[in-house]
Each structure stands twice: as structure tokens, then as C-alpha cells.
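Okay, so here's the structure we're looking at.
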Amino acid sequence: MTRPDPDLPADPDLPADPDLPEQDVPVAAGSGDEPSLAAALEAILMVVDEPVGEVLLAQVTERPTAEVLAALHGLAADYDRAGRGFELRPVAGGWRFYSRATCAAYVERFVLDGQQARLTHAALETLAVVAYRQPVSRARVSAIRGVNVDGVMRTLMSRGLVEEAGSDRESGALLYRTTVHFLERLGLRGVDELPELAPFLPDLTGLDERLDAIDETTAAP
Amino acid sequence: MSEGSAGQTVSVGAPFQVHLGAVFEGPFDLLLSLIAKHKLDVTEVALSKVTDEFIAHIRAQSRGGAQWDLGQATEFLVVAATLLDLKTARLLPTGEVDDDEDLALLEARDLLFARLLQYRAYQQVAEIFARRISAEAGRHPRSVSLEPHLAGLLPEVLLGLGPEEFAALAARVLTPRPVPTVSMAHLHSPRVSVREQAAILVMALRRSRTSTFRVLTSDCAGPLLVVARFLALLELFREGVVTFDQVSPLGELRVRWTGSEDGEVGVTDEFDGTPMESTDDPT
Amino acid sequence: MTRPDPDLPADPDLPADPDLPEQDVPVAAGSGDEPSLAAALEAILMVVDEPVGEVLLAQVTERPTAEVLAALHGLAADYDRAGRGFELRPVAGGWRFYSRATCAAYVERFVLDGQQARLTHAALETLAVVAYRQPVSRARVSAIRGVNVDGVMRTLMSRGLVEEAGSDRESGALLYRTTVHFLERLGLRGVDELPELAPFLPDLTGLDERLDAIDETTAAP
């Protein structure tokens, strides 16, 4: 602790740092008191505790959605370029401030639940099947994976990654889907952002009917 | 049953696994690993080439004295039977399709093949999921309480429920979800001898000449016995005293006795040695 | 507003150096993967709910308090100059990001527009658990609902429906209970007037044991 730095009394009039490179950011509108759109968005996003869609942001700021979207992307790029400790990202259907991954080591000393239990292979595979097939019955997931998935599905539900989604009209089987939390964990805007399954999968026309037959064979209690 | 690595958070109904250095979850996982191990493409050839090893791993599993979940064991058996069929077909002089049985075999092969490819696709996507999740883990969302002056602006909250409805809602939330499977963890697996089971099968088949797997296992008290009978059947098949056929994929597995009317049938006791590092076998 | 750090005794051996260089204030460190001090501070403050004091920030970033303080002032000045929608302010107990006062009109409109007067389904369910299990820890509520309830609990608290109720003697976990305001909204005079659950419940025997088991399962890292 023998650093040469004094315990500097905080200077109330600390001058603006002339070396700061970020003076050209387009945030300041310069038009009197009225804040710029970018500043208004920043202010709103400061108080949200869940992702906010650009449509709602457009309503509140009374600006066209396209303009709002452009401003959001502009801010996000601005933070990235400046290497700020936070980033603005579209996740799970909306925009939200996140701490930057490179700063994770510091943040995690404050955010206690930062370390989430790792998912097993079994859980990840089951999650993948649910994600691409939702809404899907447990029996169907079992048939695709070739193993009983009851335990894994329970784990996924208790982790808030999968939830019930009504029941199948014909069979009455409970159906499952992925949650918003799943999107957040993967950093996806929506399920439509999932990588294409097709490159990994040949044409499997008719396979589902066959799997249904297998469902009946193997899913019997 | 295993190091528990695939089921670290799954306390009930832990998945059925087979050892091959690593832990496998399900027949497709095992098959794909075997195919990868031999640096084969996923083809029909690969399927028939890895058949022996696949069966060997089922054997090793049973030798471990592990408990078998019937639902999961079934999948292994279905795949094992299909693989055996494929292998048998390749041993035939020609690959020509000349009767319904061959057609059914082709269909079974295609189905197995398609399911394997489908499973592989999800396995690959699961890897992408894992990468995304770990990339995402370093980011933390801002999720803070409202600044006090803003919280004061919030309109009076509307519950929209009366006390009775609220109680009903609470009851629903507090009711434990039905547990979909019954834990068998408290059951001890009795020791089952494949050789003994083979003897039972030989008696039954000599009497009836033909039968089905379902009938042959109808008196089995538990999944372990079913598996032991299946393994015994494989042994008998190896001894050349039974043949299998299956009219439709996943349909009834028919067993026909082709051995002698009497005399000893030599079934090895390789399954019946001392259980390996079994933790759940009380012995 | 800003004052000398009272927690840190001035080191008499060190010469006062009013010209302490602020090379860490610029956010972009440019030094490989390691984030700059300013970026680390931004990351922490972006995700922490409570104000964080500079001494704690200095500990976590393993930098002298004076340096941290200078960086914080540098950032605050930077945001002010750029007219960002957020500001970094020292309040009692430490530093925190706030929405900027000049953007208040937008933020207020958002809070009023965006947050419906009606509670979400998730919030109602969480409220029900708290009402019938109070005093109850957040972990227990999470275990019952099967999802993380931190955000929802915050909402319920900010809506004045739930409040803190001391801490558990054994685990030390914070406990929560419903408020008088909650009872008023429901038209009840006391918690004892909440309708009995029994008529609605199939059978709760053994529920608590199961929940304890769940607690153990889900609390594992």
C-alpha cells in the first residue's frame, strides 16, 4: 500500500479531462434545453429493469420507430468504439444496458448470482430440441433424443429456461416452450434469431410421423 | 451408475448411460461417438461397423449392475436390434431387395439413419448454445430499482383480484407440480444372471419354437430382468440357435428357435462376473 | 458535494501531489484486454443497484482510492459535457448512475406509460407466495415459483406491496412480508383475514420438505 499517490481530497471543480476522445458523440443536441433523442433514450434506459422495445421507446419519445432504432444502434456503436464499461444491446425483445464482458471480473464481485450453474450436455441438447420444436411435448423431445428427458426437463424448468405452454389439442400432452430468460441467457433478441438448424439437418420429411409412432411405443409409463 | 457427470442436477430419473471412457446419454450419443471414434462418416456402413461395439457397450453397462430405466433401455434395445438387422443383412450374399422383410429392414435402417442425423443436428446446435451462454455470462444487465422520485409517480397498483381469487391463485402456485416420474432410487437391483435367463429362454423357445420378445419378457418383474433376457437373446443369437425378425420397424421382435431339440446351449457367463464398481448393487 | 474521503486516513508520509495525473480517466485503455479503470467503474456502477462508495470501488479494482475518485469525477464530468442522458452522482453512501434531470419529462412519461397500473401475472404469483408464506426469503420464493424473482420482488417493493421484514436467524437471508397497503388493496384488515388456502389445495403435506430439497438443489452453484 505504499503507493506514491496521496489521498487526494476530491476536487470539487475537477476540470474536464482534455484528453477524452469522446467529445464528438452525437448525444448533445445543442438546441437549448431540449435533450437530444439519444439522451432521452439513455435516460429512459437508465431506469428500466427489463428490455424495452423500440416501439415503446418511439411512443414515449414521440419519434418514428426507425429514427429511434437508428439512435439506439448509434449509441451502442458509440459505447463500443469508446470501449466503455457498459454496452447497449437488443436482447429478448428489447434494449437494455449491460456491463461489458471484459469487465466481468470486476462486476462479479458485486453481482453475487453472476455465476450460474453450468448446464450439462443433456440439458443443452434438450434445450436445443425444445427451442427449435416449440411448443413440443416431453414425449417428442424424448423420441428425438432417444432417452427419457423427464429429469432434464424439470431441471430446465427450475432454471427458468423452459416453461409449460398449454397442452396438445389432440393428445392432451403438456407442451413446453423456451422462456424470455432463455433468450437472455443466450443473448438473443428472439427465437427467430436462433441459428438455422437446416445446415445441420438433411431433409427429414415424414420423420415426425415416425417419431410419433415411437412416442407411443416408448413413452408409455 | 456413472460419475454422475451428465446428471449433476438431475436427482431423479438420471439418464441411462453407457461407459466408453466417457459417459453417454442415450443410444444416439453412443452411436455418434463410436462413428466419430472410427473416423467414419455417418453412413449405413458406419452403422453396421459399429454394431459390435454398440452391443459390447450395452453388455459392459449391464455388467456394471446399473439400474435400467425401462423407457430408456427400450431405446437402446430398439437401436441395437436395428443395428443387428443391418449387420445381418450385410452378411447376406446380395444386397437385393426381394421381399417384404428386406423392405422393412431398409425402412428401419432409413429411420435409424434419419433419427441419428436429426440427433446430431441438435447436438451441434447445443454446442452453439453452450458457446453463446458462456459468452453471455460475462455480461450483466442493468436491473435497478426506480429512483425514488419516479417510484412516487407510479399509479396506484391494481390487483384486479378479490381475496378469494387471490387465495385460489396462491393455492395453485403453492401446489407442487406433479412429479412426472417415480423415483426408483430406493429400489435395490437384484442380481440377475444372464446365463440363468438364457436357460429360461431356451426352455421356453424349445417349447414354443417361435415367440416374440414381448411374450418372452412378459413375466419379467423389472427392467433389469428384461435387459438380461435381451442380452441372453443376443448370446443365443451368437450361438446360432435363434433368429430374429421384425416385420415393421419398431414392431414386434419375433424370435425363432433354430437350435437343437435338447442338449446344453453354451452361454458364456461373461455378464455374470463380479459387478464392476457398482455402487447401487447391494450384492 | 464532493468531499475528502472520510474513511481513508491521509497518509502523512506521502507528499501531497495536486497534479495527480489522470491517465486512467479516458475510458478506452488501449492496453489489450484489460479494461481501463474507468471502464471497470462504469461496468460496476451500471449493474449495481445501491450506491457504491469509492473505498469499496478502490478495493475491488485494486487501485488507490484517490485514483478511483479522480476517475469517477472524470467520468461524471465527461457525461455532463457530452450531455448524456445519464449522470454519475455521488450521493450518501456512494456513486450511482441516474437519469439526467433535463430528460425527466421523457423518463416520467415512460414510467407512467410503460408500467401498467395492473400487475403482471408473474408479479401476482410472487405476491401470492409472499402473502401466504411470510416472512419468507427471496430464495424460498424463487424455489416455489421456479424462477429468479429478484426483478419482480423489486417491482412489488417499489409498488409498496411488499417490504423487508428482518432477516432469518439461521441463514441470515433477508425476509419479506406484505404491507398494510397490500391488505388495503385487497380490502382486508389483517393478514389473518386472508382466505384459508385449504379449500383450494389438494394436499400440501410434505410440501415444505420438498421445497427444502429444492432449495438445496437450486442453491448449489
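Order of writing sets the labels: A, B and C. Residues in every chain begin at 1.
Everything below uses one rule, namely that contacts are C-beta pairs under 8 Å (C-beta built on N, C-alpha and C of every residue); 3 or more make two chains touch, one makes a residue touch a chain.
Computed from a predicted structure; not experimentally measured.
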Chain whose Cα centroid lies at the greatest distance from that of subunit A: B
Chain whose Cα mean lies nearest the overall Cα mean: A
CA centroid of subunit B to CA centroid of subunit C, Å: 46
Whole-Å separation of chain centres (CA-atom averages), subunit A against subunit C: 20
Centre-of-Cα separation between subunit B and subunit A, whole angstrom: 34
Set of subunit A residues in contact with two or more other chains: 45-50, 86, 97-100, 102, 107, 111, 115, 117
Junction residues of subunit B - those touching two or more other chains: 9, 11, 140-147, 150
In the complex, subunit C residues that touch subunit B: 46-49, 97-99, 107-108, 111-112, 115, 117-119, 124-125, 128-129, 131-133, 144-145, 150-151, 154, 157-161, 185-188, 193-197, 200-202, 204, 207, 210, 217, 220
In the complex, subunit B residues that touch subunit C: 9, 11, 140-147, 150-151, 153-164, 166-176
Parts of subunit C lying in touch with subunit A, wherever the complex brings them together: 1-5, 8-11, 14-18, 20, 22, 25-30, 33-36, 38-44, 46-48, 52, 60-61, 64-67, 69-70, 73-74, 77-78, 81-86, 97-100, 102-104, 106-107, 109-111, 113-114, 146-148, 150-151, 154-155, 214, 217-218, 220-221
Subunit A partner contacts - residues on subunit B that touch it in the complex: 5-16, 25-29, 69, 71-72, 74-75, 78-79, 111, 114-115, 117-130, 132-133, 135-147, 150, 180-181, 249-250
